[in-house]
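There are two complexes below, and they share subunit A, which is joined by subunit B in the first and by subunit C in the second.
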Partner chain A sequence: MRRGPRIGLGIGITYLVLLAGAVLALAPYLLSLLTSLKQPVQLARQATLTWPAPWTGENYANVLGGQYTLLPALVVTVQVVLVLLVGQLVCSVLAAYAFARLEFPGKRLLFGGYLATMMVPQVVTIVPLYVMFAQAGLRNTFWGIVLPTLFGSPFAVYLLREHFRGVPQDLEDAAKLDGCGTLRILRHVVVPLSRPVLATLAVITVVSQWNNFLWPLIITTGPTWQTLTVATANLQSQYNGNWTLVTAATTLAMAPLVALFLLVNRRITESIAVTGFR
Partner chain B sequence: MERLSRRALIGLGAGGLLAGCSIAEDPASDSSSGGTVVTVRLWDDTVQRAYEKSFAAFREQNPDIDPRIEMVPWASYWDKLPADVAGGTLPDILWVNSSNFGVYVDSGTFLNISEELPDSIGGWQQTVVEQYTRDGSLWGVPQLSDAIALFVNDDLVGDTDVSNLVWGGADDTFLPVAQALTNRSGARTQYGFNAGYDLQAIFFNFVGSNGGTWQGDAASGDDTYTFGDDQKSVAAMQYVVDLINRDQVSPSAADTNDNGDFSRDQFTQGNMALFQSGTYNLKNVADSAGFGWSIAPALTGPVGRVLVTNGIIAVGNAKTAHKDATLKVLEWLGSAEGAGYIGAEGAAFPAVTEAQQSYLDYWQGEGIDVQPFLDAAAATDVMPAPHGARAQTGQQAADEILKEVFLGRIPVADGMKQAQDAANAAIQE
Partner chain C sequence: MLALAPRAWHVDDVRTTRRRRETLTGFTLLAPSLVGTVVFLLVPVAVALWLSFQRWDLVSPARWAGLANYAAVLTDAGIRHSFAVTILFTLLVIPTQTVLGLGVAVLLARRLPGSGFFRVVYVVPWICAPLVVGLVWRWMFDPSTGALNAIVGTRVEWLSSHTLALPAVAFVTVWTQVGYVALFFLAGLAGIPPQLSDAARVDGAGPWRVFRSITLPLLRPTTSFVLITGVISSFQVFDTVYAMTEGGPGGATSVVAYEIYSEAFTALRMGRAAAIAVVLLVILVALTLLQRWWFGRRTTYEVSA
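Let's turn to the complex of A and B:
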């Protein structure tokens, strides 16, 4: 009987702390949403934490189809993400399986060397990469944006390799006895067993490519191939932040990622348990 | 499940097939005129609209040349520039500012305007010409000029005369006014003035009008930072820091150090009486202020009213494939007719002297007297803007220390000396 109120108090405090954490985490998004529903004049004349008065959808109208339309950038971003998703998943699965199961000379050295490229900051390679692409005539083209990361990433290969090494060898041996070659084993045994980790990898790829900024900024010029991140940054001028437009653009840009997370929420949770990835 | 996976793959593949098709039009790749294409890169979308009108007039007179604008907004401009220089993909003409031009001049990236367009130089604002003269030559066509003045909230200031405020010394008329206009007692804080870490609008005005220096003599190529050893600069800085931390007539440095818009927003929200800033904020204030306001001359100090005049130039790519056409467009941009469109839109203050009247006319049409800006631009006693091949690097090295000084965490004299030494070390690296 005595411990009841104490436990209740403990739970209450726990929830209070969690609630405070939730408020802290969600407040920036709420502030962004509120700002996107204000008129620029209100933002300039009143304190930041006031409610929109009047509530306006003009910022969304502007970024959806008005003077500052981001629709072309949205289409480009979707194209880039789709192509990179397919390319990275296919290539990473093939490479990871080779590193996990196949034997070939220099395997460890090659894998170590490939992983070591993760340690090189992007800014170090960006100018040489740009020069190569510019000389190849790929500046300001779709393929200029996607080619550098189309063939997988070290992180994806590492993640999948670790997972593939955990797939029981007996299963693969059984498939071999049934006459399967390497590719069929990969397709019919290993990949189906790896759906959770592939789902995680897909989400990571989509989110990272959706938010990619530096390379699309460098390799593109003008509106034809600019991605959402570049187009949103371009809404700001030197002396005018255009915050109402920027917050409308970021709210819209965030929506597909939130939807994606809600869609595959369970798979991600499963894969965290499966892969130990956090 | 397999069917589903196949469908998903087919869907993704279809998406991939669509890849390579953009629904956006690129104005820079439009091939309507058939003339020699000269690409012009800039970062300001309001000036872009003025340029479009200007280039339409240019094409009528020069049908064989087709200038096309390539917008790279400010946020991305300086990230792209090094890659374009390295990749040999610079446009024919591009805007640059003083912090980012010296290093490219030294590497031979830009056309020498003193040699290519010697007859045009007399028509350009002298202070901007001097700012972009390096090794005895001018390296770009002056396009915009920032002039500094005092935005006044007439409703808060009332009958107080703020047309010639003097700071410092026994005749300090500024501080009493700033104190009288400050009110921190109510729920809403009212600031008298926008002292803060704003080199262009605040710091250089105080240093210059106290007879202090920031760097060595630009004309003789001395880029060394001197502000920490110059006691007049230190005294000016002490005055500005005191306005924030001792007299409390200005917002906290915690608010303004990393948010360049804070003071402007306080002014447009009616919470600041005097806001010293430049022509670059005129349109923002005009669009946002919901109270009576006007423009007065900037503050005067012990040695007079000394301000920095900071310009933007259009440079020509030394490796352009169409040098004659590029020079013709540059010449047009430096002419009264070509630059007149900039002022006529009210978007920015032209650095072509004869075109400046159009700016005055535009704002007079809006009911705003911008004469204090014109007077500031015409002044000859000016504080030189930051200069040197590695001006940006030097500035970045000093920034963090100077921000600590403004926060009151490092004594002014010590902090300025540290910042000066850090900046000098950075430009030597």
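Let's turn to the complex of A and C:
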């Protein structure tokens, strides 16, 4: 407190910079939200930075139920995310437990292989995957969208293995003495003790699958199985320049995830720092 | 135990069956994940390798092409350009987002009231789909009805300008990533014991000196992580480009991932697309190993809080 005025000035500058950053981070959302509440005529004729006059919900009515409806894509996306959430968590938990607690020949080699595959980027596998799926007749099907990531990711296995190794062995031994098999130990001892890391992984899966674009773009054609990101992109290219409609679509596409984030933001911000997700 | 001792052979027998059962359980638990990894990760890499030696348009049968596709990667102007664009994009994005992320983290680490709010706000851009964020910014940059020109006051053709398009895409990428990068630095800063900087301050070091000689070296593991993951993801950027510019104008933003996409699904040259993908894979693995080696070589400091 000896250098009171200087510290006060420092705090003032800190807040000023943080505030400027916050404005920069939020402005595109707020401005596009305002645009989505305007009539197309107003955006075309008046200056961009004006309040909607009159305020209108017609753009939202159009992207929700009207002729440009995004609802089917929303339903597909929810289905995809739910199926992948269950598939990825179950498969990763099983594999991670095997790596963490069981002894079998080739374990170290296999785990090294898992670590190495984490270096393979998605862009590299999309062309061959497309070829494989086209041959198998899986183009433009639900399973075509989910299969490549249904069985978990090497990263999830790695993360869970690290965690499972920290679960006290005594508890598992006790359960074993009581006659529990591996699956029951997993269900009644390991999983309940790993709730935080599983929740983290669940959040990661939901966010990355909700936002996934490249694979659904390639493997689907037409409106039946397009996901929300693909549908939004198609809407934009089809109605290029119709920004009141497109901003309603983008706002709608982001809203569920932003709501989820605001609900569980502590978990997300903490889990990012711990896991380095993506 | 005592009762079992005279019948040691029996214990051995039990042990081998137990080991056998454990092996069986292990592989059973591993099976789904292992099958998934092999079929949807390793086999595709092998297929990409095979494809990269073929000439194939998905319609007529594939034909052996020898090294022609790799020769094209080296000589084709468009493909070479896409690598140059990607490198330029990376050079624009990585230093900017790292410095800004560190700056934001230092400010947030002062733990002033309201820091939690700012932390949430800064991460919002990153939680949204890059494709959707790209579309929002495509509107922001729109020359006639976009918000940016309304703020600037003149008509600038941001995304159809050869010189401005790539910086614009890079700017949006930085905009989405800064909060995310800051979270890592924030975690890194929290791991530095305050006694160290206190001691330096007692020795007469100013704030800048403390930052440079204490904070930065101790942050090296975080910095290396942020740089490695940043470069890897920046070499794969696709969604933002697709949403904002579709590779244009005139290929100015056609990054490698976009080039792979358009070779494969617009030009229907599967072999060429696969060859670019294989080259990209080699570059990314080499970069990862190189960066690990570079940061491992320098002294790292173990600090336990």
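Following the convention adopted for this analysis, the second predicted complex is superposed on the first by the 230 of 278 C-alpha atoms of A that agree within 3 Å, B and C clash if a C-alpha of one lies under 4 Å from a C-alpha of the other, contacts with A are read in each partner's own complex, and residues count from 1 in each chain.
Throughout what follows, contacts are C-beta pairs under 8 Å (C-beta built on N, C-alpha and C of every residue); 3 or more make two chains touch, one makes a residue touch a chain.
The structure presented is a predicted model; accordingly, all values stated were derived computationally and were not measured.
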Partner chain in contact with A:151 - subunit B first, subunit C second, else both or neither:
second
Subunit B or subunit C, by number of subunit A residues touched:
C
For A:259, decide between first (touching subunit B), second (touching subunit C), both and neither.
neither
With both complexes superposed on chain A, which partner does A:174 reach: first (subunit B), second (subunit C), both or neither?
neither
Return first, second, both or neither, reflecting whether A:247 touches subunit B, subunit C, both chains, or no partner chain.
second
Could you tell me if A:53 is touching subunit B, subunit C, both of them or neither one (first, second, both, neither)?
neither
Examine A:182 and indicate which partner it touches, taking first as subunit B and second as subunit C; both and neither are also allowed.
second
Once the shared chain is lined up, is A:130 touching subunit B (first), subunit C (second), both, or neither of them?
both
Quick check for you: in the superposed arrangement, does A:78 touch first (subunit B), second (subunit C), both or neither?
first
Tell me which partner A:16 touches in the superposition: subunit B (first), subunit C (second), both or neither.
neither
Which parts of subunit A are touched by subunit B and by subunit C alike?
44, 47, 126-127, 130-131, 134, 214, 217-218, 233, 236, 241
Show me the residue ranges of subunit C that touch subunit A in the complex, using the header's touch definition.
19, 22-23, 25-27, 29-30, 32-37, 40-48, 51, 58, 104, 107-108, 110, 112, 114, 118-125, 127-133, 135-140, 142, 145-147, 149-151, 175, 178-180, 183-184, 186-187, 225, 229, 232-233, 235-236, 238-239, 242-243, 256-257, 260-261, 264-265, 270, 273-274, 277-278, 280-281, 284-285, 288
Going by the contact rule at the top, pick out the subunit A residues touching subunit C in the complex.
11, 14-15, 17-18, 21-22, 24-29, 31-32, 35, 43-44, 47-49, 90-92, 94-95, 97-99, 102-105, 107, 110, 113-114, 117, 119-132, 134, 147-152, 154, 157, 182, 207, 210-211, 213-214, 217-218, 229, 232-233, 236, 241, 243, 246-247, 250, 253-254, 257-258, 261-262, 265, 268-269, 272-274, 276, 278
Subunit A to subunit B touching residues, read off their complex:
40-41, 44-47, 71-73, 75-76, 78-80, 82-83, 85-86, 126-127, 130-131, 134-135, 139, 141-143, 146, 214, 217-218, 221-226, 230, 233-241
Could you please specify the touching residues of subunit B with respect to subunit A in the complex?
9, 12-13, 15-16, 18-29, 43-46, 70-76, 79-80, 82-83, 86-89, 261, 265, 268-270, 280-281, 284, 287-290
